[in-house]
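Letters are used for the chains, namely A, B, C and D, taken in the order the chains are written, and counting of residues starts over at 1 for each.
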Amino acid sequence: KRPREYGIRFGVMPTGSLNAITDVPGVRVGQVTIQQGANIRTGVTAILPHEGNIFQQKAPAAIYIGNGFGKLTGYSQVEELGTLETPIVLTNTLSVPTATDALIDYTLAQPANGEVRSVNPVVGETNDGYLNDIRGRHITKQHVLQALQQARTGPVEEGNVGAGTGTVCFGYKGGIGTSSRKLPTSLGGYTVGVLVQTNFGGVLQIAGVPVGVKLGKYSFKEKLDGSCMMVVLTDAPLDARNLKRLAKRAFMGLARTGGIASNGSGDYVIAVSTAYRIPHETTNPFDEVKLLRNDNMSPLFMAAIEATEEAIINSLFAAQSLTGDQGHQVDALPVNQVLDLLRKAGQI
Amino acid sequence: KRPREYGIRFGVMPTGSLNAITDVPGVRVGQVTIQQGANIRTGVTAILPHEGNIFQQKAPAAIYIGNGFGKLTGYSQVEELGTLETPIVLTNTLSVPTATDALIDYTLAQPANGEVRSVNPVVGETNDGYLNDIRGRHITKQHVLQALQQARTGPVEEGNVGAGTGTVCFGYKGGIGTSSRKLPTSLGGYTVGVLVQTNFGGVLQIAGVPVGVKLGKYSFKEKLDGSCMMVVLTDAPLDARNLKRLAKRAFMGLARTGGIASNGSGDYVIAVSTAYRIPHETTNPFDEVKLLRNDNMSPLFMAAIEATEEAIINSLFAAQSLTGDQGHQVDALPVNQVLDLLRKAGQI
Amino acid sequence: KRPREYGIRFGVMPTGSLNAITDVPGVRVGQVTIQQGANIRTGVTAILPHEGNIFQQKAPAAIYIGNGFGKLTGYSQVEELGTLETPIVLTNTLSVPTATDALIDYTLAQPANGEVRSVNPVVGETNDGYLNDIRGRHITKQHVLQALQQARTGPVEEGNVGAGTGTVCFGYKGGIGTSSRKLPTSLGGYTVGVLVQTNFGGVLQIAGVPVGVKLGKYSFKEKLDGSCMMVVLTDAPLDARNLKRLAKRAFMGLARTGGIASNGSGDYVIAVSTAYRIPHETTNPFDEVKLLRNDNMSPLFMAAIEATEEAIINSLFAAQSLTGDQGHQVDALPVNQVLDLLRKAGQI
Amino acid sequence: KRPREYGIRFGVMPTGSLNAITDVPGVRVGQVTIQQGANIRTGVTAILPHEGNIFQQKAPAAIYIGNGFGKLTGYSQVEELGTLETPIVLTNTLSVPTATDALIDYTLAQPANGEVRSVNPVVGETNDGYLNDIRGRHITKQHVLQALQQARTGPVEEGNVGAGTGTVCFGYKGGIGTSSRKLPTSLGGYTVGVLVQTNFGGVLQIAGVPVGVKLGKYSFKEKLDGSCMMVVLTDAPLDARNLKRLAKRAFMGLARTGGIASNGSGDYVIAVSTAYRIPHETTNPFDEVKLLRNDNMSPLFMAAIEATEEAIINSLFAAQSLTGDQGHQVDALPVNQVLDLLRKAGQI
């Protein structure tokens, strides 16, 4: 069960109907989970902003770097041009090149892209090398293409799945999590959806309750470190500048869970709008766009903060104990104990 | 009484002895509070990193911009050169030029600075225009020089004082707050001190307890907006790059109080190290420095997050109800109700 | 006479009719030159992007920092919000606060701005402290307001005027310079206008001819240092992201004159579009804008490079020898020798 | 013959003995040129800052982005941590993942790196898709490893070699170029070496002479576009902040050749110091470093500008006419005509 089903609330804004990134219309997620033998615990998660040819119909996008100890590809072109031209793929640290190459394959192979000679894949990662034989680089291009192909709308699987298969978060089993917010009509009615790959440390706090302290498991008491990839989608009509501001708020959501963005952390937020598209080629010299004014951004900021906080906690509730490489074992969050703590705090 | 005296705890690290920015050796704070008649509610807070001539003995420094809707001066030179060469002054939005000019006066007037023809004052602000007749620009250079002159080590006054005289935070009276953390020797033993000028909105959370929701006072239910200036001092030997990383963590501390960095927010963090100085002139072509390694930054990151969270809440506990310009009235945080909520949540 | 009247050509694109920043329709420039007694050699240059109330009708804008050893105010808000809400004022380093305060006066005083409690003045500077008694801070608010009031369209005075009164460039007398480019209709037909305040060093190159070397006057042979403020206006419909890219190209134009952006240099470019305005308040939640596509930016980039190069050289041709503070004397560029060199090089 | 052998001079500072990036002691370059059949015209260029294990002994580094339409990997970690932990590899756009993967192989395979689970490869590129069948992705990991293995000190081959095999610059055949500057002892005596992969457009200017205009070949007269990768090595003891400033000056050198950093350009500068190393692991909590002061940076800035300008022109002089994919043909720079033009301009 997801935290919200236990009555836990994160913030004050209502969720979308699935409480998932896929509440943003047209957004699809595909995941491939790779668990083989004693030591392979990894995978791929792909997020597609729309159902068309993303290279030909680019999506407005921006990337915020919380802490840059990571291997995200595609940063500079997104920043320079303000657009995303491939799906977003998440995987493990040492498989970024494979996933990048697969996105090139994917792009070149699309019928309308026969003349494409340059493409900017966006691939993020966290390091699952504690549970996964990461040096073995077991992700293949086929795995990535499969994740892209099976991407779909609707509910998103959370926990030990896709790029979250082998991750560790606050000393517990981390993974993929997702959440969304739907603004009231008076604030624009937009949806903000977030998907996270959780693999980081700090002092876990759930809906404000200091769970990490109570359970005696937190950074510098134990050695906790690592990264968090965050993907934010919205149907609000934002340009790259305001998407970057939105992305920064996801990082604030991470802070609310007790994350500290430690030195070794690769904390990146990729924010994308589905409200309009920028054609790769057109005879119109202009992009004619209707952009939400700066003045109307604040509700979206709050939505991104809340949805990111919830997505991270969702990943922890969904993830299950796992044994992997070198016999390393990571326990799932002890949900019953956590629920007890939240009950005592009056949070459920 | 400060929150900690009620038993409220923020995070897991111990505070310095004063739980104030002045726990960092040599750091001095001076404040001038200006309350006159029915409509003047403003002031000046000055922070001096060391007792010497700051222009001649510059301090390593960096500035992180959370949300840049603000009028901070001095940003680009600090970023380019990695040093601070004046005290830091905080005041109200429309008095930044006056304070900047006063810092020039202050610098030019120092005996060793007789040939100085260029100086980079660092002045931050938030907008106290709800309680204060800000358009009247009642801050004078004399007020600023007075704040500098009376700067001292030791306890720092909080609440409706100095640059926090007229500010509003989470719909309650905001102000100046301060806090510190002292790392255990095993983590380096360094002190991180924070001082904040709180004037922002969101959904107030105190030590994780959703006070804003419980009291029915939060952004988009009411119109809350505004800014937060944060100053971080440390005796850890950091260069500008790692100071900027540290500064970013203060912004994460703000997130933990429920701040959302709304569109209209000017959220800036100025981080300064007192561990060494960069002489303005010297015959040595080199800065010979002993810098903390990246690997050892994470405890400092956690310290900055915790101290910022606590400093913000401290400002709210210390501030008192105030009536000002146009009869506007802002109530103090209802501390008794808050303590009740924290008791129910098991946080005290 | 301006360089172009001698037949010197900079690049390949045609100029606007005035070869000035005021070729961009609606742009006005006002300058106040302050020469008093033996040691006051300074001034103010104001650039207004349009004739309306700039606070109420903000202009899309961005700022690029070449080398940040300078005191520009207003950077972070322009970057965060993508708009300019005051005229741009240039002056000397230590008079930035005075000019900033004057821009606040100017803004608050406008009839429609009666409720304004926050405004982000943009003031740039270079250091005229060799010829001017800069420590005396002889610029008054009245000087700044006068520059704003007398701003007008039409030809722009160059050389020892306004903020360029006391500046030094490549060891010769610098000052204010301006130039423009008008793209052919096939490339969009847009105008790019540049105004510079030149006060920097390097190895002077005029239309590619190594004048500095030939005249034996260049950095590290002599002590040359300093800054360059660049203002770029265009009627091309650009948002802040593409304006920042355009601004960066002005810095490339500086490089073409032999500037090296030395350590002590404050090289800033403020780029503004006049093609549309962002209202301060409106009932429309959207900015409905028609923006030039990324693909069409390159001709504007070339225009900004060429116009900046020419504006800098124009400032040198226009400036006249000047004696100032402490009897310091700076000679004008020896135009006849320069013309000889250019003739020999086949450049005229 | 290289331009300097014809008597062409770029700037005023002396070169190192090889006039190559390898004038910086310990720096090695390895190149693999891949020309096969009618349509494969590509390659790999690797630059190694020192002869040790770069992962274990990281080099201080920074990256400046001129125009970010490119696929450089490794940016954010270099920026966050200020270090380079792999060799730098340059190749073609669509082979970046292959080269990245090869750098992972290379790093994991080194004896001391048996426990490495995270590594940040730095791979840059330009697009050789006009002469090369870039969609075929003909670079293999073996090619990259070979470039790394055969890296050596001494003279560096220029022109149609390595990553410059199939590039086009100012409408002529581009390629690899290199140059260096050695500061006089009075300015520190440091060496700055630059290596470029030239593939861009604009209005070619050689030692200030407007060659592009004279030959009737320039942007918007013809369709010229593209990118330039620049690598700057120095033995000056700089930290990441000053290396980034140095990197920016290489971009100024590009401007001096007539480059315009067009919309489609991926212009990146990677700057690395060889003066000290940051160990991956150590018991010392500090980096004890002796860093060149800001005040002493300007001569290095000039050196980087000059060396980059010369390296670009060197690439054009060395490159030879080439026919490649789809029968596309690109002519070499007509050196004799160019020399004539330079003679007429008095530049040789």
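Operating definition for what follows: a contact is a pair of C-beta atoms (placed from the backbone, for glycine too) under 8 Å apart; a residue touches a chain by one contact, two chains touch by 3 or more.
Because the structure is a prediction, the values reported are computed rather than measured.
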Checklist outcome for this item: At the largest C-alpha centroid distance from chain B we find chain D
Checklist outcome for this item: So, in whole Å, the Cα centroid of chain A is separated from that of chain B by 32
Next on the checklist: Between chain B and chain D, what distance separates the C-alpha centroids? Give it in angstrom.
Outcome noted: 44
Checklist entry - Measuring from the mean C-alpha position of chain B to the mean C-alpha position of chain C, what distance in angstrom results? => result 35
Checklist entry - Which parts of chain B, given as residue numbers and ranges, touch two or more other chains? => result 67, 80-81, 245, 294, 296
Checklist entry - Connecting every touching chain pair, does the picture come out as line, ring, star, complete or other? => result complete
Next on the checklist: Applying the document's contact rule, which stretches of chain B touch chain D when the two form their complex?
Outcome noted: 80-82, 188, 237, 239-241, 245, 278, 282, 284-294, 296
Checklist entry - Which of the residues in chain D come into contact with chain A in the complex? => result 65, 67-77, 79-81, 93-94, 96-98, 100-101, 104, 108, 116-121, 127, 129, 134-135, 137, 266, 268
Checklist entry - Within the complex, which stretch of chain A touches chain B? => result 11-12, 66-67, 187, 202-203, 205, 207-210, 213, 218-221, 225, 245, 248-249, 251-256, 259-264, 294-299, 301-302, 305, 344-347
